[in-house]
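In this document, chain identifiers A, B, C, D and E correspond to the written order of the chains, with residue numbering beginning at 1 in each.
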């Protein structure tokens, strides 16, 4: 008699075979309040139970890769902002990292620290927004989302005063960062980081222990770790299944090995775990930020050898990846020695995380599909590119 | 309106304010021939109800938007008219002038009828609510039965809307609405059976009168202040939330799942009618809760009786409506199976046990002295223990978790 | 109304004014109601949608203008905010949504992508401006525009609505019989949308603003 | 116990409801049209062209139509036509100037790359965001006259950065004058060359344009004067 | 982790009939890759996934690359004996040959279990027109499912053994493969105030005749 009964796919299908009901095919999206953009799912329903779910992509396919091949390396940087438009700073970093690998550029120490600070702020931003959107999908009337955006605005203020733009920062450069953060900016960041735990406590008091939320999310959308690994699932979604894989630890890119932080992992791989892993990750991000802000060294933020214009890496290819807030975001670049990349490919975490959407949703109801999709944390700019 | 009840310990000022609505009506009726009075009296009552609750609906939408805003750290509508007070009227003008779309495939008659029926049915409930000592539109012996019969029919109108729209989302919403109706009608009814049992009547006026009086002058004899009454009140309010399709039970129009559910294909004024019906239903159910559990128009303390009774009714009604909005601002939505499970496996057994508690309370009415304490202890235990046990079974497998960290 | 009737006799003018007073006040009420209760469609396309959401959040609070009621169903919405890149795959859906909205309805093209395709305009799957298929009332350039810019656009839209007349050439689209309000939905072709634009709505500029490069 | 989580949540919302009346952290709305939020100095929206004087904006544009920004602009929203003749710039040097300089703000992605690559500090990012318009064609394609804004305006929106740019330009001019003087002294017979035939061919060294200078952050003055 | 050469030798030892070639990468990233033949690709992929010492359990990234037909001009210096009997002359001889185009699919493999990688696999099609099939690795790694569909959609590589090979980003009736380098997009630039390059050429067609009085509008006063 629990609120979350065991709804296995096999059981449901057996019941369905017994009482041959008519199946109902519903097209959710591309205009739907909780598909997080222009995503579309063609859902076949038996009653309200999902027996088939086919995602349809491409409604925001804006040819990012083609444009990347037709413009210079530098000109692609502002386009990466618009990939996963919640996390432009991490996208910038991933792209800069790939180009630095391709061209063999070194990054000054201070720039590495600044990148870590900005990437972790971005992670806070993304996870906070995700928690808000997920609650919205669960049927909250905007309140958690409002609180999430209240904090987001504070982070965006920081981004804006550093890079000039709220969302589309276009901040990282090959071999460093565009602007050296001044002391007052760092003080502002420190204030934000100090106050963030209190916000998380309040947010958790609002919802984490809420019985309705737990009943809605626990046991919903279970993901098997073996399937998750095979399907290329990455980021918090993979860790929620119990696989402790975090590129910040595994690749140790940037200066992450210098910081002490833990990688939370879930045990059930369900929607609640995916939500909680993100909350816990934010708490770890706060620790990283405290350490990075305390240990920020002096020096330049730009490799003096790096050229802004006329950048032509030698022929070759490179795949660079970082642990973005949504998972492994990678850039695969092939250079033929010209000013434009010969091939410019983005490894989009939210697109690949959607591979197993159907597996997670089968046997659940429409209401569950909505929150499962919400917990995958997709941004259509990145899914469709 | 019923004949004036004898005023007990009312001062002159009280009597004047208390009688004012009736005096105004009678003054108007005085100019009419005797044969027309009954019908005009009825029309005046209807007009007054529509005006008061129409205005209440308008400002309730505004209050909801502003309260939601405040809870969410923002002001809400504040630019249309002074303090945003004209916002509902701007919305009304727009809704009235908006194009009315009937989908080609839709069942035009049902599509048209659904909002009309819904508003009519949700208005019917107001007929038997005692708004004040002297203000009962229709005095019925079986007022409570009538009220809930009318209220139950509203879900049929929702089903009509969902069915007639020929939209898959609307259809799903219609099915949800029916399931919700069947599930929550039962706890709703069971929750106030003890009240009828104790008051021995189905008449709303008499139920209110039965809650009159105070212990020590400030402890009112409202049903909500007894263990069974409190439990009944909570069950009633939960069921009322579900019956009026409010969050966290707003499944038929679940925005994040079913677009707008049964409203998906409604535009313009028909949509506004649905909105109106939702608020009317909410007001009516809250009014009934006030009547059954919160002592109706009775003042909470003896010395506050100088305030007219309808003001007390209004204050209690607004307090409950605030609760509706507050809950909406906070809670996520339940899933369909959880909703029905909550009704059948939690609320219904709890309401049945509550019936026993009420019976115990009724039988031990004569206990006094230390026995009074025993009476309270047993009754509270009869409410709390089943709540804990059923609650634990309901939330089995759902608990906060602890997490480990990878190396 | 009264000023708009030249070359008529004084009696007729008075006659008109008598109607005009009534007409003007109705018109004012109608425009006031429409402009203060603009409910947007809960419809986001891309990056700009996030700023649109931000505009409805506590810091900017679009609710102050009475517009926080983001309706998920087009039947109840007044305003289509095209917030982001419209791809060719998405364009038919946007037009369909527009057709599903009841009159009076308005459209704001928010951000560079919605106006012209913006930075993505050279993409093979990107529509070069939503005004090729549906009439746009307000353009808000920016990539993405700040939430304040969206609020500014909304205020502009309110001003535009308030300035409309019920009759005559200033009347809004839906009150004029000479304008077809439904926009044909383009179809997917083998290489491109068919047709690639709706000539009833979109016309290229009369003359080239820019001289041709020598 | 069932219900504790719900009550905790209700307590949080109640706290915010009450807090919105007295706690500024819980009432964050900036009432936009009346109150405009202060923009950070680094904020950027669309580019504008810097002219030295407000009285004769077309005569004192810093732009020499080198077309670097046109080439580097990622969405290609800049269009420039060079002049056939030359005219003196603010320093009195004869320069080519743009006869047409158009930016399509309906395409511009506000990325600031044009500012970063400009070797003459002549294109900068504006902070005007109230640009919503009902007109599609007329209002969104900005021509030279609409784009030109004075250096004083630049100082007004970005005081730190503008002061830095002015200092650098003054140093450059001084160095150029000294160099010209030295050249004149050395080769007294030859008149000093006013300007290179194509400014693009004689760009200052790119390393000077280290990209740190753009965000309004403090930056040391340019590394010495030009040789 | 083994070097690519060691891995190639190991694979060749394990699959004697297979052809495994190392494609070296001159860039500082030094991410070299292995070119597999179609017949053994899936077996080798399974081996890479399941072999305890390798355990490449995640295929992180799948993408296509279009290499169109190239005309290569080679200049070789040939010593030609002078027919007149003089000293032999060194003559630069240019030969032009056409290198056939092909499509390539690249897989980036990582091992989560052993925390190693990447190993890069490449598969090549016969040409760009009719022999565009490669074996699908979706049965080996589930993550290839959507990414191979994407490569099919944008590059036109068909994957044999893919469970659901449909277009994914473009609509179903779309005929072209837009990420190919010779893709010509539909011409819909009627209004382009600031076009450059290819776009300008297209846009020009749509420009109306320039009125004679027009240039004065923006010219210097």
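Keep in mind that, in the parts below, a contact is a pair of C-beta atoms (placed from the backbone, for glycine too) under 8 Å apart; a residue touches a chain by one contact, two chains touch by 3 or more.
Computed from a predicted model, the values in this text were never measured in an experiment.
Novice: On the document's contact criterion, could you list the chains that touch chain C and likewise touch chain E?
Specialist: Shared contacts of chain C and chain E: A, D.
Novice: Mind listing the chains that sit against chain A and also against chain E?
Specialist: Per touch definition, common to chain A and chain E: C, D.
Novice: Using C-alpha centroids, which chain lies at the maximum separation from chain E?
Specialist: Farthest from chain E by mean C-alpha position: B.
Novice: Centre-to-centre on C-alpha atoms, which chain is most distant from chain A?
Specialist: B
Novice: Which two chains have the most C-beta pairs in contact?
Specialist: Top of the contact-pair ranking: A-B.
Novice: Averaging the CA atoms per chain, pick out the one whose centre lands closest to the mean of every protein CA shown.
Specialist: A
Novice: Determine the centre-to-centre distance between chain B and chain C, using the mean Cα coordinates as centres, and give it in whole Å.
Specialist: It comes to 40 Å between the two C-alpha centres.
Novice: In whole angstrom, what separates the CA-based centres of chain A and chain D?
Specialist: Computed from C-alpha means, the inter-chain centre distance equals 32 Å.
Novice: Compute the distance, rounded to whole Å, between the mean C-alpha positions of chain B and chain E.
Specialist: 67
Novice: How many Å are there between the centre of chain A and the centre of chain B, using C-alpha atoms for each centre?
Specialist: The computed centroid separation for chain A versus chain B comes out at 43 Å.
Novice: Of all the residues in chain E, which ones touch at least 2 other chains?
Specialist: 169-171, 178, 191, 193-194, 199, 218
Novice: Among the residues of chain D, which are close enough to touch at least two other chains?
Specialist: Residues 2-3, 6, 9, 12-13, 16, 28-29, 31, 74, 76, 79, 100, 102, 104, 107, 109-110, 137, 141, 143 of chain D each touch two or more of the other chains.
Novice: Mind pulling the chain C residues that touch 2 or more other chains?
Specialist: Each of 42, 57-59, 61, 64, 72, 89, 116, 119-120, 122, 124-125, 129, 143, 146, 205, 209-211, 213 in chain C touches at least two other chains.
Novice: Pull out all the chain pairs that touch, please.
Specialist: Every pair of chains meeting the touch criterion: A-B, A-C, A-D, A-E, B-C, B-D, C-D, C-E, D-E.
Novice: What residues on chain C touch chain A, complex-wise?
Specialist: The touching residues are 42-47, 49-51, 53-54, 57-59, 72, 74, 84-85, 87, 89-90, 93, 97, 113, 119-120, 122-126, 143-144, 146.
Novice: What part of chain E is in contact with chain C in the complex they form?
Specialist: Within the complex, chain E touches chain C at residues 169-176, 178, 183, 185-186, 188-191, 193-194, 199-200, 204, 206-208, 210-211, 214-215, 218.
Novice: Within the complex, which stretch of chain A touches chain E?
Specialist: Per the touch definition, chain A meets chain E at residues 57-58, 61, 63, 65-66, 101-104, 227, 229-234, 243, 245, 250, 313-321, 328, 330, 332, 334-335, 342-343, 345, 347, 351-352, 354-356, 384.
Novice: Enumerate the contact residues on chain C facing chain E in the complex.
Specialist: 89, 116, 122, 124-125, 128-129, 188-192, 196-197, 204-205, 207-213
Novice: Under the definition above, what is the set of chain B residues touching chain A in their complex?
Specialist: 68, 71-74, 168-169, 171-172, 175, 247-248, 250-251, 254-259, 328-338, 341-342, 345, 393-401, 403-407
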